[in-house]
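Consider the two complexes below, in which chain A is the common component and chain B and chain C are the respective partners.
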Partner chain A sequence: MGKNNDIIASNQLFAILVNIVIGVGILTLPRTLAEKAGPDSLIVLAIGSVLFLVVALVIQKLVTKFPRKTIIEITNSALFKPVGFLVGLGYFIYTFTLVVLEVRVFGEITKNYLLVNTPIEIIIITFLITSIYLVRSGIESIARLSVIILPLSIFPAILAAAVAIPDLDFTYFLPILRTSWSDMMKALPSVFFSFLGFEFIVFIGFFVGDSKHIKKTTIRTVAFVSCVYFIFTAITIARFGIEESKNLIWPVISLFKSVDIPGTLLENVEVVIIATWLLAIFMTIAIAYFGATFLLSRLIKSKEQNYFAIALLPIIYFLALIPENIVEVTDFMNIFTNYMGTTFSIIIPGFMLLISFLRRKPKRGIKKNG
Partner chain B sequence: MSNYEELFKPKEENQDKINLTKSLEENLKKVKRILKGSDDMVYREFNVGENQNLKFATAYAEGLADKVIVNEYVLKNLMVLARMTEPQVSNIREKVYELIKNGVLSVSDLKEVDDINVITDNILAGETVLLIDKWDKAIIISSKGWPMRGISEPQSDVVIRGPREGFTETLRVNTALIRRRIKDPKFKIKQMKIGSRSKTDVAVLFIDGLVNQDILKIVVDRLKSIEIDGILVSGYIEQLIEDNWRSPFPQIQSTERPEKVAANIYEGKIAIIIDNTPFALIAPTTFNSLLQASEDYNERFLMASAIRTLRYISMFISVLLPALYIAMLSYHPGMIPTELALYIAGNRDGVPFPAVIEAFIMEGSLELLREAGIRLPGPIGSTIGIVGGLVLGQAAVEAGIVSSLMVIVVAITAIATYSVPNYSFGSPFRLLRFAYMMGAAFLGLYGVVLVFLISLIHLTNLKSFGIPYLAPFVYNMSIKDLKDTFIRAPLHKMKRRPEYVAKNDKDRLSNHFNRDYLKKGEDSGGEK
Partner chain C sequence: MDRKKMYLVILLICVSTIVSGCWDKVEIDERAFITAIGYDKYKGPTPEGAEDIEKETEEKPLNRYVRTSIYPNVSLIAEKGEGEPFFVYSTTSISWADGRAEVALRDNKNYYAYHLKAMIFSEEVAKDETLFREMFDTFQRSVFLNNKLHFFVTPGKAQDILMTDTGKNMDVGLYIEELMDKEVSPTRTAKSDLGSIVIDLNESNAALAPRILKSKDELKVSGSAVLKDNKFIGTLGELETRDALILKGEAQNVDYTIKVDGKFIVIGQTDLESKMKAYEDKDEKIRVRFAIKAEGDIIQHYFDTPNEPYDAKYIEAVNKKSSELISRDLRNLFKKVQKDFGADIFKVGEYLRKFEPDTWEKVKDEWEEIYPKIDVEVDFQMNIRRAGIQG
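Right, the complex of A and B next:
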């Protein structure tokens, strides 16, 4: 019962992290994997997940070392003051851009599959207003909602995918390990980037009350997400084959489309699945949105986080409408995740951890001497 | 240990104290002056003693005080029996109070007061006051007794298997009904008066050591802070102390069933009983607990679990069905199987309105019927139901204003709404249904998802006395928390109280109890 609305349990952190990570990325993952790794997609996915676990543990180590601190304060204490501001600003721009991109992707998916005749502007503005409600409700509400949304969004999708099992042909994954090592290495980053969002822990970790359990939560999160990815990649590629998977824009949505649940009341079940999947995307965006406003309020040391949420809305709205079409968005997103993602999820946390290790040792020495 | 006594300390009274004087006439005059214009007051002056030299007076409110008590056990004793007993003390005048209290009045509950305001308050609450000449104190004789409704079967929470007792309008009867179910000395009934004019008795019930002290403090503080002229029904208190008044969802449960209240008190919750209301309030309340019926615990667990699940599904039906129907018909006709789509098209042939308008007409008239049916006396009410439901629906379909499928949708929705066990919990769904229909009308399935999200966000924001409204769903996704939600686990598996409320004593069922032990006993019994 935190009175300031700023304490979450580690179990809720798990739900939040899974909700951030699983969102838009999974929809295209089978295609990128099929393009780059061919029949060895699943192996690459497995290796990539393990590697990401290492990265996640590095980030987690940093967060656990500085309980109840955001990346800004961490940097401040590890280095010196203005750097913290710059790093915080970097994270703000990063999360903010993510919000903009994902809002656009969300709008495109909704328009394509649910509301063909409705202008995308309406979809985006209604969506943003709804997410503002959540952002303004604070982290505790976000945490509670994450716990509820997680099963609501993932189980229908897994169920629908499971219906496709009789049609699967796993020979598409044969022969194994024929892809050259260099190709496999090239495919690894795309697995990596599908886990992006996890690095939000550097400022969401701030809210965790029982920071002892963050490590366990990290492992659980990565394990859970990679399981979900594994299931969907396996089923999608086994359903369509390598070649077809390469040509689908959203292979996972196509998977839902191809599913024909026998004896149901409804046809085109994919509409329902997409509708529930929208909940997952909503959570991704809303949490990122919250992160952006939270970082902003920390940067300028203001307590009026709720007003930033409203102030940012028109900016997000107009920026999201700039790209001409979805191809432009995905292209930009690829470049963006390649550079920004690497910087903010690997380089900065790793660097900070290194520095904090280096800086702590001499201090101990001084204490012993004194 | 617990500090609940401190919580209930009354606020400093700023009412002036008017001391009694030694003169009976003066005292009586003062009482009469305060109660001037109240023609239901009965004053009786009489003399006592062999020489008729002791002057007494009684005052009570007619209709509130039990006349039998006053006549038989107060007046008769004083006027007749007192003459028969030989006074053993020499100076009667000084010891008159002890004499009367210990030897004459055959009434168990007596109080001694010295303030005229207290006296008048007590008279108005139904007590009888005995004033004695040459003595500056008065005796309050407990004589509350007015015609009251007997204990009858509850009207709103009906069960098939379970006790038939329901609360009445009298506070004391209600607390007794619960006390009969909790014979624990740690079970506390703390009373306070709320309402500057109505002075309504409000009792707070809880088990010390089980109750969450933080919640108790919030409840008592909020109750104490109420400054209102009168409390008539429990809804006043409910609305004045609930967390979010904007929410359509009730954050306090109200029930007519004593065993439901007792069960909640055993879970560590707090009950509030208000005089003159046959409904007890239970706080804190969660979404989940409003979908629990007391019968669930009386049924075997498989059946109870099935009914629980059904109830959750019907809750979703009651809000979502018309919206989904609109969304599919107007935005996603591709989702409807071809044959059904053709049938619907044929069925809707000639209906002049789009599905949205059709749905609003039907849902609107349904609510109209419901309202009309409730307010009208019994036989006419059911006539309205039949006329409205059957004749109007049939006529509307035949006239081609609505399609018959729409009538079915509306009917299923209405039935689903009634399956919510708590009446006041059913109403937010009725209201939200229209929001979902609007969402579906403007943005199809996406609109429904948006409204769903908004209502979920609202629910996650909501708290009832510091407890998240959606507990236990919002903590962690372990099966352990879901024992009493969509399913109702077997009783011997529910060994602990709900963790989000009970912080102190968590064990409900002894850890040593298990079914294996019982089974062994049965086997050996069979061999004999």
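Right, the complex of A and C next:
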């Protein structure tokens, strides 16, 4: 099945990136923002999105500079070989941990809202088996499914949130700019981290055929994701107010819960919406899972990635079950995003870009002289 | 080839049985779709023997509530079965979960609260801050409870309310839901659900909840209960509640009876717009001003008084008189809520926080003391647009 012809178009890259970024982060974003920025949540969100666009453009620059190369080869050519291996290993651990965390959060949400009596082990294992099927089929299938799932997961949620519009009170966003600057600065990282997943472009960019469009795709992705985040944060805080948004663990799911479609035809629509939203989380996990297997195959110079999928399953399964409770998962997730997220989405790509610029210059000088 | 197919079939059967995840399956006719739950305070085994109850310890809390739940006879709704239209179960309990467990011992159906419509607290439970907060935390924590369920306070026993036979072959929960959600919704009771009460308590530390009472064999929603500091602190009557809703701009279909020149005139309101403005005046005193614009029709005048209502000057006089009288009523209501309860149900504090942040910074720490002293001004403008079809 054309495994050696793994090329995706840039609009498929858009679907993949949006799918990987939108997942678990948005479900808790309104709470973090309400806690830290209060009525200025939307302003902080807007500033954070613009700042992330800058970071995204830095990462994109690195990717377009080295077309058809993953971060491992980029590092190899920019620095020297063992470093490439180490960086690749780092990215592998990073994506792998991301899979583990997302799987656990997925399990918790499903158990909490949908399958109350089903053991979480069963939820996780069936879910992982489903993702393996997708991961083994390779990047082309993932790209196609991303394009299909993107509207399926996001639009029902936006529609359901729109039903809440009569209950909204946008005065909760007043007074404007009364939060102290230091508090707003403290809220910025959480906006930033809700965009995590974008840095996957450093190895998914490898598959993109028309690499000159990557810049446009980057801007489109960040713009689209910011819009979705903006809509949900605005509606959630306007619906529940600042105080209540601080109390809710998954404010966006509570938003779906508070929606009452008129008439008794359908009650408790949140079940349907959570189910479609799980598709978004499924795509996040599948892509990250694929990323982990792909990086592993690159690291040990194997041509195929698909057999790693099954090998990693038991490890993911056991690691996902380690945290004792939901609070531990959240704490671990915060540590993960704060340290690993910063390292792998800002520091390493930025550093590589810097080095590649530094290395270019003497070369050009030599050419001119020669 | 055939053997391969056989293996495949066996594999498919195994996978579909193991993986289908039917842990949560309960047949629909085996579920008890609880529609309403009521809580009363438990006062010991007999009304007199309140002192007989055993001592509370850390391991063994006392029974605190009498919990009554009700669910409809689903097969009757589907027009397939017969029997009672609804079933009521009452039990003493320590907590929400304990009550559920106690009822589970007696009921042959599976408890299912996903479709709960109404929650009724007796005044005694609502007055007790501990019980109130225990219960509200449970409601907020539960995945199953709908945010939009109707929360009521009743002066009598919640148990009595739930055991009422509505005479319409319906259980009380569904009846209350229809009553509160009908198109022409009652304006003499508070319009709030569990979610909005929680938000109001969080943001302004005060909320209005509808009241329900039983008179003879009938249910009646009437007036509202004032909640503050996470407990019940008092009631507003039907007309007072209506006035409160007018101040908040939430009551559309209201009629006023006003005496003009010795005749009672009834004005039916068709439109209402209320704007609240709070500010600090030069003497550093907080003032609140309601500018309310109403439109209405004359629906009752006095038979055989030709041409009187159909006269611009007369209508102007009625406008003036009614504006004056209604403004006075509204102002009195605001003062009553302010002085008697000190409850900021009109969200003056929230207004200051949002629109006058500088003033709010100054007053927010002493808001509890300042609120009862703020000055109120109500400017209600009635505009009669039509006078029916009789001149």
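Assume the second predicted complex is superposed on the first by the 364 of 370 C-alpha atoms of A that agree within 3 Å, B and C clash if a C-alpha of one lies under 4 Å from a C-alpha of the other, contacts with A are read in each partner's own complex, and residues count from 1 in each chain.
Quick note on the criterion: contacts are C-beta pairs under 8 Å (C-beta built on N, C-alpha and C of every residue); 3 or more make two chains touch, one makes a residue touch a chain.
No experiment lies behind these values; they were computed from the predicted model shown.
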Partner, of chain C and chain B, that touches more residues belonging to chain A: B
First (chain B), second (chain C), both or neither touched by A:T118: both
Partner chain in contact with A:I154 - chain B first, chain C second, else both or neither: neither
Partner chain(s) touched by A:S254 [first = chain B, second = chain C, both, neither]: second
Partner chain(s) touched by A:E243 [first = chain B, second = chain C, both, neither]: second
Chain B versus chain C as contact partner of A:L278, first or second or both or neither: first
Contacts of A:I72 with chain B and chain C, given as first, second, both or neither: neither
Touching partner for A:R178 - first (chain B), second (chain C), both, neither: second
Contacts of A:E267 with chain B and chain C, given as first, second, both or neither: both
Partner chain(s) touched by A:T126 [first = chain B, second = chain C, both, neither]: both
Where chain A meets both chain C and chain B, residue numbers: 115, 118, 122-123, 126, 267-268
Residues of chain C touching chain A in the complex: 19, 21, 23-24, 114-115, 140, 143, 146-148, 195, 198-199, 202-203, 353-355, 357
Chain B contact footprint on chain A (complex, rising order): 1, 9, 11-12, 14-15, 110, 114-115, 118, 122-123, 126-127, 130, 133-134, 137, 141, 143-145, 147-151, 265-269, 271-272, 275-276, 278-279, 282
Chain A residues within the chain C interface of the complex: 39, 112-113, 115-119, 122-123, 126, 129, 171-172, 174-175, 178, 240-244, 247, 254, 257-258, 260, 267-268
Residue numbers on chain B that touch chain A, as the complex places them: 214, 331-332, 334-338, 340, 443-450, 452-454, 456-457, 460-461, 466, 468, 470, 473-477
